[in-house]
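Residue numbering begins at 1 within each chain, and the chains themselves are lettered A, B, C, D and E in the order written.
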Amino acid sequence: MDVQVIRSTRASNAALVLALVWVVFAATLPLWGESSWKREMVEFSCYFIFAMMWNLLAGYGGMVSVGQQAFFGLGGYALLVLADIAGLNPFVSVVIAALLVALVAVPVSWIAFRLQGGYFAVGTWVIAEVFRLTIANVPAVGGGSGTSITALRGISRAMRENVTYWMALACVIACIGGVYLFLRSKEGLALQAIRDNEVAAESQGIAVGRMKLVVYVVAALGCGLAGALYFVGNVRISPDAAFGVNWTAFAIFIVVIGGIGRIEGPIIGAVIFWLLNKFFADYGTWYQLGLGVLAIAVTLLFRQGLWGWVQGKTGLTLFPTQRLLKVEL
Amino acid sequence: MNMSEQILQTQNLQAFYGDAQALFGIHFALHRSEVVAIIGANGAGKSTFLKALTGLVKAPADAVRFKGQAIGGAHPGDIVRQGMALVPEGRRLFASLSVEENLLMGATPGRPGPWTLERLYAMFPVLKEKRRNPSGALSGGQQQMVSIGRALMSNPEVLLCDELSLGLAPVVIQEIYAALPAITADGMSLVIVEQDVSLAQRVSQRLYCLQEGRVSLEGDSQAVTREQISQAYFGL
Amino acid sequence: MFETLIQGLLLGGLYALFALGLSIMFGVMRLTNIAQGDFIVLAAFVAVALAAQLGSGIGLTLLLLLPAGFLIGHQLQTHLLNRTMGKDPLPSLVVTFGLSIVIQNALQEVFSADPRSLDSGGLNTASFALGDMSIGVLPLLIFAAAVACTVGLQWLFARTALGRSFRAVSDDPEIAELMGLKSWRVYAMATGIAFALIALAGWFQVLRTTVAPTDGPMLLLFAFEAVIIGGMGSFWGTFIGAMVLGLTQQIGFTIDPGWGLWLGHMVFLAVLVVRPQGLFPKTRG
Amino acid sequence: MSSTPLLTLEAVSKRYGALTVTDNISLSVHRGETLGILGPNGAGKTTLFNLISGDVRADAGRIAYEDRDITALKPHQRCRAGIGRSYQVPQPFGHMSVFENLVTAACFGGQQPEKEAWHTAVEVLEKTGLKVHANQPAGGLTLLNRKRLELARALATRPSLLLLDEIAGGLTEHEAQELVDELRRIKAEGVTMVWIEHVVHALLSIADRLFVINFGAKLAEGLPQDVMNDPEVQRVYMGMEA
Amino acid sequence: QSGSTIKIGYVSPQTGPLAAFAEPDKFTLEQLKKATAGGITIGGKKYAVEVVYKDSQSNPNKAGNAAAELITRDKVDLVVASSTPATTNPVADQCELNSVPCITNDTPWQPHFFGRKGNPKVGFEWTYHFFWGLEDVIGGLTSAWSQLDTNKTMGALWPNDEDGNAWGDAKLGFPYALAQKGFKLIDRGRFQSPINDFSSFISEFKKNNVEIVSGVLPPPDFANFWNQAGQQGFRPKIVTVPKATEFPAAISAFGDRADGLTVEVWWSPNHPFSSSMTGQTSKQLAEAYTAATGRPWTMPLGFKQSLFEVALDALKRSADRSPEAIRDAIASTNLNTVVGPVNFKKGPVPNISKTPLVVGQWKKAGKGMELLVVDNSLAPNIPKQAALQAIKYA
């Protein structure tokens, strides 16, 4: 018997080509671009990676967390410790910091996984607060006042900007590619099954606990990476800012606007967020107010986010993860 | 009381789920104190029909007339206040309410009548035992009893029952169907959706068979034959 | 030690008052109101504006504030939040989060960033002696109000038809409609009550301290913790949760002020690890 | 029945508060047989399944499967060991297509690589008549098809022990007959089955043995005709006065 | 770089909890616009002046970002920033990293300098800062407190943030200096702000018979403390809580209970200086502000003005518009501003210039409160207006 399963669409093939073109284009940017573009790209990479991880956790893993800033902040502080205190190369430190954060996520998951639904959301937030308050009581990393990361002061501006930029770009590509491949694999199936019905998933042979742990740790790794990367660019770190709940708030904003539970979502969302920030950020209070109104409006009018809406109208899927059985009738 | 008085009719009732049409012009009538059975294959539209009667699925106003009034598309709450109650498919109890509170919820429309907690407990003694238990912790059959009881508490003139016997032990099915005469004795009319055709024939006076959203057979329950029914089921 | 205990309970009373509105909305609608704190702050500003405009005393201000709170909650639910209801908790999370940002910035635009307070005519510093301890009248009033509200809500939910309908609609809105309820009205009623409590909390907050437009979020987390320690949807649970939180924080402050909040959070997490469903899950009749 | 039993329950008990829902039940299921479980509503039948599949932990007693103590295993481990189950109230993965539901079950429960899982899924689709719905989201299926999916998904895990909880409820006579035929074929493949069913005639047409539960405890056990003639069973379950 | 326009980037907390500090911003920028309407001359060339104004949202991340954006996108020639370490430190760090000249103020110099891991022997290359230091506030306050007859026991309220940690620092902050001056300090350690209950502090203060309370608290924290002190019968003679009591609006929120509170004064209409940019005296500046906005004067007003005074002065003296030239011009600043003289060569450490500090007390005046200078021991040129009085309790 010949079983045919369709896993790509014409749009997705086109998107793949476009993505390759974009990668080449983006990778050469330091050769011809402005340094402000690099900086913006790095900053929004951090937002994007963070949002992507939140989407993985909430949109695919069904774990709506309001506490991912815990790992963002830890990533930043790990960078501080590695680069400033231990004296490692700051760029190498970014990677090690992310791995360390993933390690921390393992015991943290033990507490977080005791909770479900709304309890999980608030519980993770409190965990993030515990990290914030703990770090704020450690004078070696600046306590509640925070401190400056000085490891980059000796490095030349061009070198620092380019390396940071390429790192950010590599992280973004790895993030999109990794999540996409993961969701297409059979683990992706398990993840979706868990999101739909945890009890049934367990009884169909899926090791729900382990699967959630993997997702949680991967998301923590990504958030830690985003955090470390962010503070390489923004050399001042303090507990309130590093562990601020607005990191997660922005991630939610980005994901919801773009469309949750789809890879296109955070991409679209991050682009919109970037545009809004670029053109309206100087309006202060009104800009913030507008963001709030926009989040409300999109939620009410486009339940599935903007991409979900486009998809509903056109059937377009750039990152297909489903398996379509070809049935001859 | 005039036995032939029609308490409920539908005229060319159509119903949709979004763009998909589920009912294609149903003509139906129910008399006072009558028991009518609705049978039909899965997906034939039986549940949809009951939902359209009770306002859970929208219908044109004139398509449904209850006690002479056009009630198609009215709010379910208004319909139940006028005296038509539904025992929904799949029980659908309020999980965080106790058994007794579930029953009391049925009394929300505030219609006077013979059905009270005492009378229900007399009919289903298990429920009295479990009246303080959360309804979520009941077995399937016990839940079905609560669901029926809840509908009865509104003292309806027409009671619609969707798949009453689904998942019930024979002993309970017997109990429930044995209780039907007591229920209709007060002049209540019944519409029963039933999968077990012979049971449906036994307890009802007339029956309708639906097929793909249309009435494919209508007649006196005792008079219709097996052949007619299987033809009506599958449209052979 | 005794003093720490008393002060801890009084602090718990404050948290309970912050938390009860949240508990209602959690319980009836599975709605996580991220803007809870901001609405408390909004109520506080409205109280200040009312007092300034009408020159009314604090009592009259409250009298106006409570129905206004109810009305705002009712309308908010009817026109906005009802459209976010459903199995998925995310839409309401995002909408209330959006509201939180809108309120903060709108308040700042209208009232500027300055902190405000309501002149309580000495109530905020009044006290009476208990042994060699002196206890504030206002904290005691807050505590009493929290107890009264808890008793009232518990009675309302567990013993009245309205309470039953709250729970029924929260379980299965479609079937509740079959029983003759209009679920959006029930929701609006619940949110109205929650917002009357928010108004009360805002009024007390602006009497006991100053309030600035961006204070909202800090009020939220403790309210959350109280609700969850207690177990969502149970009012005595929320009250006890608030007490646990107030007490641990107070004990923490007494031991070392740097670790007081930390200890509160740790106890919260510990409770959840031991009893993930909270201490008193779910109201039952 | 000389071979060692496939599944053995030894004095298993489960309580919810003051209510004992499984009361000291001992039970053996032999390889290849089909065991029917009967009992009034609320007797504890579904709970018994939950105990076997691991969804609910036993308070006391021991459960052995293929000579291995599985009392402490997690549900997914028991599934991989070969215990497949369906749920009385269908629990589909609502946002996934029917096909993907089955691929998931085959991949994880059946521990097959993805490509093989596709084949298994298609086989099962054909067997259960769900092929026309293969690419539909499972959440949009009718109740009947959801029940079919329950069976299909359990089959896709390629179980050697199949636990079926009321899969014939709501079927027309014709459909029930088709279902029984299908189960016969599965049985012929050597799959051991335990079937809870209130549609007694369907159950009787296939069961080798019956086990009757009342108030969480065993009421009767034995060959179908013996059990059905037991006056106690007739009174408690069938509602016939002796 | 845009042809004949000099760009100054300005970062300030327009929104968020610190927004009160940025209240005079719009007015100050108006003043600057008028003063530079005809352009300025740098190295013999005429330039228009443009200010790019960025919001830090009271968040250090945003402040750092804003500075980076000013540098890379807007390509400003000079960055200025003010109002608390949460804004000035990240901005200065970005400038140092990207080799862009930077002037900041309104942060005590120790948290600015040491908080950024500055080395007193070397200093910074690109970033300059002027404000008073902890030694000033300690000296000023202790001198003011000594006007009254107290038991010299002080209770501390220092939160775990940039300011609180600096004030409470064992070596650089109050503890060491107070011990030197014979004060007894009751310090329970840094606490996490916001905090809803101060009773553990109050009972400790009562137990130790504290007569002076000092700390750096945000308004809600102080309101909590002050109300609970009333409830629990704690009646210190002197209460000096900067931040919470620096702003007229915050003070009016305390009503009568503000009467008698003391605060360090960094600028007031009473300061005998005038602006190098507009020629206004302190008093005229305050009056112009009230006339334009309808609001009472506030301390940041003077410092916002002086920030741009120093910036303009440096630009005008710069040899050309290169970053190095502008930096060198800043380094050689010697200017009399509306907050006093600024000279980065004379600082306690490199890159820092100190401005004078006095101590004031809020006194009831008609319906509102007015701030009167009660101690000028560190800056005798600023006239003292009244003597310190103990807080009166009903």
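Methods note: contacts are C-beta pairs under 8 Å (C-beta built on N, C-alpha and C of every residue); 3 or more make two chains touch, one makes a residue touch a chain.
All values derive from a computational prediction rather than experimental measurement.
Q: When you check each chain against chain A and chain B, which touch both of them?
A: Joint contacts, listed by label: C, D.
Q: Where the CA atoms of chain B average out and where those of chain D average out, how many Å apart are those spots?
A: 30
Q: Where the CA atoms of chain A average out and where those of chain D average out, how many Å apart are those spots?
A: From the centre of chain A to the centre of chain D is 42 Å.
Q: Please report how many Å separate the Cα centroid of chain B from that of chain E, as a whole number.
A: Taking the mean C-alpha position of each chain, the two centres sit 76 Å apart.
Q: At least two partner chains per residue is the criterion; list those residues in chain B.
A: None at all.
Q: Which chain A residues reach two or more other chains?
A: Answer for chain A, listing residues that touch two or more other chains: 133, 136-137, 285, 288.
Q: Residue numbers in chain E touching 2 or more other chains?
A: Where chain E meets two or more other chains at a single residue, that happens at 15, 160, 190, 192.
Q: Strictly by the criterion at the top, what is the full list of touching chain pairs?
A: Applying the touch criterion to every chain pair yields A-C, A-D, A-E, B-C, B-D, C-E.
Q: Mind listing the chain C positions that touch chain B in their complex?
A: Against chain B, chain C makes touches at 161, 164-165, 167-168, 170-172, 174-182, 233, 282-285.
Q: Would you tell me which residues of chain B are touching chain D in their complex?
A: Contacts found on chain B: 41-43, 89-90, 126, 137-142, 144, 163, 166-172, 174-175, 195, 197, 230, 233-234.
Q: Chain A touches which residues of chain D in the complex?
A: On the chain D side, the touching residues are 53-55, 74-77, 79-80, 85, 87, 91-97, 99-101, 103-105, 107-111, 114, 117-119, 121-123, 125, 131-132, 134-135, 139, 153, 157.
Q: Which stretch or stretches of chain C touch chain A in the complex?
A: Of all residues in chain C, those touching chain A are 26, 30, 32, 80, 83-84, 89-91, 93-95, 97-102, 104-106, 108-109, 217, 221, 224-225, 228, 232, 258-259, 261-262, 265-266, 268-269, 272-273, 276, 278.
Q: Along chain C, where are the residues that touch chain E in the complex?
A: Residues in contact with chain E: 3-4, 7, 11, 14-15, 105, 108, 112-117, 119, 124-127, 134-139, 208-212, 214-215, 218, 222, 246, 249-250, 253-254, 256-258, 260-262.
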